[in-house]
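Common to both upcoming complexes is subunit A, partnered first by subunit B, then by subunit C.
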Partner chain A sequence: MDSHSIIGTKNKKGQVFTDPHHLFFEAPRIPSFFTGSEVIKEAIRRASVDLMVAYPITPQSEAAALIGELYAEGYVTDYMRGENEFGVMSECAGGSFGGARVFTTTAGPGTMRAMENFPMWSGARLPIEMIVTCRGINSPLSIQPDTLEIYFLLETGMLVWHAETAQDFYDWILMGFIVAEQPDVHLPIAICCDGFFVTHTKDVVNLTPVDMCLPPYDPYRSPVPCMDMECPPVRMMRDPFVMKSNYISYATHASWQQEIRAAIERSRKHTIPMIGGLIESENTDAEILIVSSGTAVSQGREAIRLLEDEGLRVGLVKVKSLRPWPYHEIREATKHAKHIFVPEFNVAGWMAREIKATIPDSDRVIAGPHVAGGMTMPPEVIVEHIQRSLGKSVATLAGRGS
Partner chain B sequence: MIKRRINIRMSGLGGQGVVTSAHVMAMAASKDNRQAISNPFFGAEKRMAPAEAYVRIGVERIYDRGELVYPEVIEVFHPQVITQGKSYTMPFYSGIKRGGLVIINSNMELLTEEDKQRLIDLEVAVYYVNATEMALEIAGTELSTNMGMIGSVAGITKCVSMEALDLALQDRFGKKYVASGGTATLDQAITKKFAKKELLLAKNLAVVKKAYEVGAEWAEKNQVELTVARV
Partner chain C sequence: MSKERIQICPEFFDIMPPEYQDLVTNATWGKEGRGWKDVGVNKELIEQHSLCAGCPESMAFRYILASLPAPEDTVMVGSTGCTSLVFPHVGVHNIHSLFGNQNAIASGLKRALMVRFPDRVKDVVVLAGDGATVDIGLDYTLQSWFRQEKFTTICFDNELYANTGGQESGLMQKGFVAKMAPVGKKFDKVRLPEIAKESGCHYIVNCTVSKPSLVEKVVRNAVLIAREIGPTYLQLYTPCILEIGKNSMEGLQEMRDSEKPGERFAYKEFMSDEAKAFLADLAEKDKAKKASAKEALAQA
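== the complex of A and B ==
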């Protein structure tokens, strides 16, 4: 029998369907100076997306509008505007059940409003990609990048990655589809970044060629039959086991939920070569480490420069993937550290909790500094926090109004 | 003083093009092969509300994001930033680094004796420029005030070149640009002021150039030598 590959053929916009490995690691890169929102657009231009569902909420509105432009240009097959975020995520589910590659963007209160859908997506094994441009979910109102919403996503059964820069974001938007759609993974993926600090910041990003795109999603590689009412997950919705308490309902719930968590773990073997490991680390032989994810890593890098000027050597661990959680990687990277600082853009300190639950001698973890409502964390504040915790005398920073 | 990085805080009011100024500056610095980052910080997008944007320009990779708490340069786009406290920091120069620079768009003195003394203690140079008047004279619209502010900081610190600013302006206004609804409306407003896009570019560039020259002259006369290293 002849076998036909779509690789090397062209889509209607003249883009060549390109082997993902070639696209990510071998194709030339073009340096461009863009905002994060423009970077999201350029990634989706190359992602062979069938359906995008949009709803406005700062700070993702620009990106959602820019993808509307892509639809007008013919790069995205269909573009729908939802009634609210709950409706958006439900429409995404419908599109994905129907076999489409589905993409959406949300932020803060939108993520919270849509929350019911996320464990449903993963239970239904829908490989939807969702961009989360983090924003405060609290009152008093904030549009700035508080990362608390990520904490709510961690046990939804989704893959969760947290980008530090627009470059991470560009690469991971494309790579995320490929990992999420593997037959032995086949789960929704949340690719998070800190709103404004990434979306509204202009930075240099190396883009893949505009005439190359990802091969399309193949729904027949799904581990569960598409829209089959006799098999999980769909039949469960028509005849819910939740109504029953018998052997088969116990077994089905337990095995299916464990299977979703096992699928998250199985994604490691695809993710690690793709994004270069679940963590990235520098100078982990230092006694002091800064461990975090997202923009907090960037602020940590600047703090490390300032501390170096004062003769203090500090190492760094950037956590890229939150689900799967890099359990062994973090234990290994932190084994020499005496003091582990975890700066976070939320007051809950969820990253510090996760790390404490991972490593031996967890009293080495010093949570903070924290900023609330997505306010800025100047590197000087991290420096002061570290020096104070180590018992060094510090000149108090010039405060507001001084 | 040659710095490895210059951090610029632009404080103004919604509608003045503060965010656009920061983007144009960063684009220009990038064209000069320096490292640059720009980002805005604002609440609800409305005219006359406080708006800030930040540009960081340097010779090594810049990671720092968000509000600029400890800047080398502060630009005040509108007198109300000072007179009505339309600023995220009070006083508006809070956090400025020793040896820094303050650029104020105003035709009259706005600082109190106390402010002046504190800035002198910090060896901060203060430069007044009448950017709005310059914009009205050269471009025929006060909407080009931000161009005067871009030219001033570039002329004094040479953190971006005139050639790069020219290219950056063409990038920003020469082609279709999609941003928020507020920004799109303002883009339309400025476009309507000129018969042709080329005229818009030429007039705005003329404002930048004039402010650059006046600023450069002032810096030389007053021996203000704050600048950023070449790559």
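== the complex of A and C ==
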């Protein structure tokens, strides 16, 4: 279907297919008080999704079930419960190979169970959107918030964005489809949030009008043929590359991986105007910076307020897109900083590693604080971490003893 | 897809690959009664292959492709294994993604095609090895049947993992000595056709590919029943001559030996009542059509 000629017409629910730019930036916004799960539902109501594949896992089960309600109401064309997340992600792939706009949600062990699919998705250029409501993946069993799983997604060839708030989440779910489906990108996208902190809390979110929706996905703008037998089936090659150990075979595999990475980089020009830059920063002229993504940024913001009361000026960098990685943006934003703190909701400190690998004089990066396994990160913990690292006396937690 | 879509601009005709010229000029697409007799003459769907010389899978591929009722609107789904070496030569859209997920891929694919082409026939056919169907992919095979997904599953049963060098598989015979079964396989050949019946398949056949006319019949039935009613399953013996120590010329005899009465690939068929009624109706219509054609001929 030509997605341009359809703008202004209505779908069977009476929603008007709306130019994405108009929908995102010009259409009126309606303030609403919703949980993160409900926000996912409201975004998908407006996303012209052809197929959603669902599977229960905390903390995304509620959202996945709410989208079932959308299917029952006729806002999502087809909906099924898969058998497990490996199956779910393959069902998503089948749908996307067949030219459908496909959406799914997962978390923690679900992400890990499905992992083999993700590099396949990107290699096959399937613009599937997957919500990841991060939770622990360790043993013993945990359902608590923890962002370790994002680390495993970073080199799958997917676009990876990390939302801080329910508003980010709402906007990015809709924008994510548009970026992922660009002909010069055409890659899967993981939109991550910190489970519970975003999914299970209520927040005011400004929604786009309910009678406007995204134009449908047009599979004929894909850089690879859609598997629907509507274009001539070329015989791709005499021998599959897997059979060969020669230069052409190696070059094909190597260059295709490079092309996936290049497509991730090409997504910048669509993403930057859409989500307002790959990073957001405040007071980057300060000597001390907090850099992170997700709800660790919210906690960082609170910590900055506390530190201000104590006369310490601290800047903030919120990293919104992890893939593409805002390499130049982070170098620029951190160039004045003497100390860069990276609070994270995981034990590994992957964000700190990424930043160390990005900036000159990487010993400026002080990883942490790290909380994991579902612990919260009170701003005081960040304050204490910063004060200790700077050799200052730690006042805020003095009452707790040593 | 109609044949118009694949026409070649006359100026460029001579520089197009011969297979493509063949597709445009001689394709059996849309031809009534296409079938195994086209093998060797019409090569638009498969010509070469990269299997071992004499591998029965190559015959099976030719017969199956010649028997698809609507190749112009068929998408195939493969898996990793010896079959995945052939698919790049196949002239219908086909998907290879991972090892063992073929029925999950086909489930999503069929749904997408039904969403996008609600008023048209779009057949989906899975073709995968026994390891893919029964071992690593069993969950997805069965779950697609439980869900009554409307596509055909074809298993090339060579009773071992051929592509990785002949390891034990669930469909291997008990006692067979293979890699990873160093003292002989310790449990029975998995009875997937029976499991298929319990899982809701509407048409199930277990046979060899020794007789092209038989393959034609069962493939056609399986695709048409899947299109109209629900999941269908074909388990076809395609012996791995390499791993069982046969020569290139011996594949056919191996199949004939193992399809004798009482042998494990003696012809077995199951049909649900719905499928039976559907085939009877189809036969009736065919008969009426032939009769009226004959009448028209007599009057002319």
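Everything that follows uses one rule, which is that the second predicted complex is superposed on the first by the 377 of 402 C-alpha atoms of A that agree within 3 Å, B and C clash if a C-alpha of one lies under 4 Å from a C-alpha of the other, contacts with A are read in each partner's own complex, and residues count from 1 in each chain.
Here is the rule we use: a residue touches a chain if its C-beta (ideal position, glycine included) is under 8 Å from a C-beta of that chain, and two chains touch if they have at least 3 such contacts.
Nothing here was measured: the structure is a model prediction, and the numbers come from that model.
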| task | In the overlay, answer first, second, both or neither for which of subunit B and subunit C A:286 touches. | result | neither
| field | Which superposed partner A:78 touches (first subunit B, second subunit C, both, neither) | value | second
| query | Which partner does A:120 contact after superposing on A: first (subunit B), second (subunit C), both, neither? | reply | second
| task | Report for A:202: first if it touches subunit B alone, second if subunit C alone, otherwise both or neither. | result | first
| query | In the superposed arrangement, does A:295 touch subunit B (first), subunit C (second), both or neither? | reply | first
| message | Let me test your reading of the model: by the given contact rule, A:264 touches which partner, first (subunit B), second (subunit C), both or neither? | response | neither
| note | subunit A contact set shared between subunit B and subunit C covers none
| Of subunit A, residues touching subunit C in the complex | 50-51, 53, 77-78, 80, 82-84, 86-88, 90-100, 102, 116-117, 120, 124, 225, 227-240, 242-243
| Contacting residues of subunit C [partner subunit A, same complex] | 1, 5-6, 17, 19-20, 23, 48, 50, 72-75, 77, 84-85, 87-95, 97-98, 101, 104-117, 122, 139-140, 143, 147
| Which subunit B residues qualify as touching subunit A in the complex? | 23, 26-27, 30, 35-41, 43, 63-67, 69-70, 89-91, 94-95, 178-180
| note | Residue set of subunit A touching subunit B in the complex reads 33, 35, 61-62, 65-66, 69, 143-144, 194, 196-198, 200-204, 295, 297-299, 301-302, 375-380, 398, 400-402
